[in-house]
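Per-chain numbering from 1; labels A, B, C, D, E, F, G and H assigned in written order.
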């Protein structure tokens, strides 16, 4: 079995690359999927359909185009890793966690110790909390052994 | 039909009371449900089972006790109102939105104009975006007419 | 058992009233639900949230507000009556029929003989085709006997 | 991942071919499915089982034979493109859109600007509205990148 | 809790009445539902929509009208009793049993000893096999105690 | 796409072989599955676990062993062909039809004209009624084209 | 909202009565359901259908009769309390916990400290672990407040 | 079709190896999956995330890491074999059986005659009861033939 792992959340550090590199080094039977992680092109995802003047509708249109991809990949994954960094709101990451919870798809969180309290509901529905990409790779090793 | 409306999110302003008052004044066939909105008692929800020394596990235990209530009420509502205020992370609100989206339960968001961009994914899956409790009451009037 | 019957489609003739009157005259254990059937107020359903300049987004916003109501009522009905008149596109009626089909909710169609051919896919998934409101009442009598 | 895209609706212009050609030119990992698009043979789909004298039942029989194919392909697709042209009723296209909406399968619409208003409910549940086959190809490029 | 019990199958003996009388005598919290058990009116259930010349389509039309009722009641029951008599094919009874099995609705069978072998698949998915209406009443007493 | 077609029902004529031969001759992308069609070994399916003295329990045990196979294959098929011959009760065939109906899996029936009336409920939920194996092959050609 | 709470497991101590008394004393909006807790009559639940000579089949028959009740009540509860005592195997209690987990129904466990390790998988999928009936009452108070 | 068979329960005898060897010797189209069967490493599954001082939370953390694997494999299997040995509580095996029952996944049990009575509820929802690994292999031969 090849495990499909969806990587959700923060796009400003290289945690995705670290996990992918660790998994590859260990030869794990894992395949990673993700939203478009390029901020600018993600914001402009729907502009080719005609760019609305109004910011709300421009965001709306682009988010729905992005959601075709993210919803499909999220629904097809075996496991999701939800990453919260120390900047920005990252409500989409928490949204993905809730989506997984309702579907019964297992997910783990990846965040530092100082945001344990505001993430308590998200962590409570998670299967594990990791603090480093190395721990995520460790978990993937164990789970796919 | 009595509509059950779950009110999720911010607990530091009286938006819940405003909506309830407006609905009552208009005689709407609506019943509101909600998580425990008292911050302190919510954090201590699981302490009666033995308070863990470790903060992570204390939060974990309390959050799961709270989730018995919130998950049940969320799954039984006909509509959810997800409120984002201008302070705190409010990841649980975004989590609830994702949970609704996956279940196919309609939800609306309630937040000010200045956080439209970080909430774009949450708004994209919502049925409406309101900026004031009055607008939410207006919407309930229309929907339950 | 009280049967909940959703009446979908055409809003320019009084077929809803005829069915309701017939059901009441016969004392049937039936309760009718419906979308907002007032054309103008339906088109303006979302304007109270701020009326978008662009027609597409105004329609979009209003349709989603209307969908909170229609989706909920459609999902709660025991039977839907889908009416196609001789004017307008009425794509929303066909959309409701498809929605019922996918959910496994029984529906019947109500339309005249001259549009049998273009409605063949919609009729094929229906439980019956009626040509008059009287026949619908007859059917409700039989089903709820 | 190979994306399976169901192309529903209008059969009198070559929009399907344009999208397929564009996707092939771009080397997209996409596979297209569709109903039988030959009008005459579609109408006669059930005649080999014995052709009913009555037009309603002939249509009924053929539509159910066609539905074996369309329902199966629609339920297996990752994304549907629902096309509305400027002629005919095309209720089956709207029916397919409703079917997708109820299943939670993402779909986009493809139609010109002048039928935005009658399609508002169908568009409101869609993930995007495109006006040209080129835009659909553009969207497929983005989504499958 | 009031238990809703669907009584499916044979219509030529008074087994339904015996069970109902036994349940009433014992004051059980049970409510019975059933298809139309009048053979002639059941066969003619769709005639008011226009009686097709062809027997297959007449049966088809009537069966679908009947199915609005039976499918709804079957899906709402807590328990089904599937009765096989010593005459006729009674394929609709076996059909109802399969329908229950797929939905996960518990059902019991009611038939004499001499048709144990041809009913083995139907009995294997049942929760119990009773040979007399008295045993069914006994079972209802126990289950609803 | 390879279509998986489950062949259910009568085991005393060679209808399965005829359909398979026709499909192979036409090079159809179809794969057939089926219950164990050997009557004796099917009746003895559970005997290796210890053969119960009582006939009811022997049938029960064997039927459940068979059901591991039939339920799995039935749930995985894209289309089922349900065959009723002119002998025996064949309640398991009607049971399979009901199972398909509840799952939303399309099925067709295969039977002669003289049992149209007792099969009306089973036919009403079917996508087509064929009278000969040749017609089934014809249908498979059309559906998989 | 009246919460329905299913009490599963050990039948040799009065933990059910303690919880019920505590809930009543506190005036909680709670309704309790349960399997038949009388050991002897539970073992004989199916005997009225004819008592099989073989112990396995007698147990089988009785368990399925009991399951009509337990499965229905378990599927209808909002919360389950799964109790493990210090004697007997109590595999049915663990079975009920697994059933709840798969359905997404929240459950809590009630057991003493010395069986934490063998119950770790059952506790891991639970929303809380209580050690005394008083704690369960406390939890019900909080959840239904 | 390759059948995926999940082997759940007892980890202190070589029943898994016996079944696998028998299946291989017979060339069966079967693939086996399983939880981590090494007791010590299973207990320590979550320690790499930081080992909690408290035993309950250490077990909790490890069990949830293990559950990522077991839940995924259990949900993907076509058939589960649930093994109960003569030692230990083996509540996780009964939990897995309940999980299968709720999902509608067929499972069989494997245990000796002397624990028939305490396992009656688990056996009642099973498709078969085997007493030896050889019987399980026999069953796999029959089912996959």
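Assorted remarks:
Throughout what follows, contacts are C-beta pairs under 8 Å (C-beta built on N, C-alpha and C of every residue); 3 or more make two chains touch, one makes a residue touch a chain.
In this text the structure is predicted, and so the values were computed from the model without any measurement.
Shared contacts of subunit A and subunit G, meaning chains that touch the two of them, come down to B, H. Repeating the A-H interface with over half of its contact pairs identical by residue number, the matching pair from A-D, F-G or D-E is A-D.
Annotation: 23 Å between the Cα-based centres of subunit G and subunit H.
Centroids of subunit A and subunit E (each the mean of its C-alpha atoms) stand 50 Å apart. With each centre defined as the average position of its C-alpha atoms, the distance from subunit D to subunit F rounds to 31 Å.
Residue numbers of subunit D whose C-beta contacts span two or more other chains: 64, 67, 129.
Against subunit E, the residues of subunit D that register as touching in their complex are 52-54, 57. Here subunit F touches subunit E in the complex through residues 55-56, 59-60, 62-64, 66-67, 70, 84, 88-103, 115-125, 129, going by the rule given at the top. Contact residues on subunit G toward subunit B in their complex (touch as defined above): 1, 3, 78-79, 106, 108, 127-131, 135, 138-139, 142-145. Remark: subunit C residues 33, 36, 45-46, 48-50, 61, 64-65, 67-69, 71-73, 76 touch subunit B in the complex.
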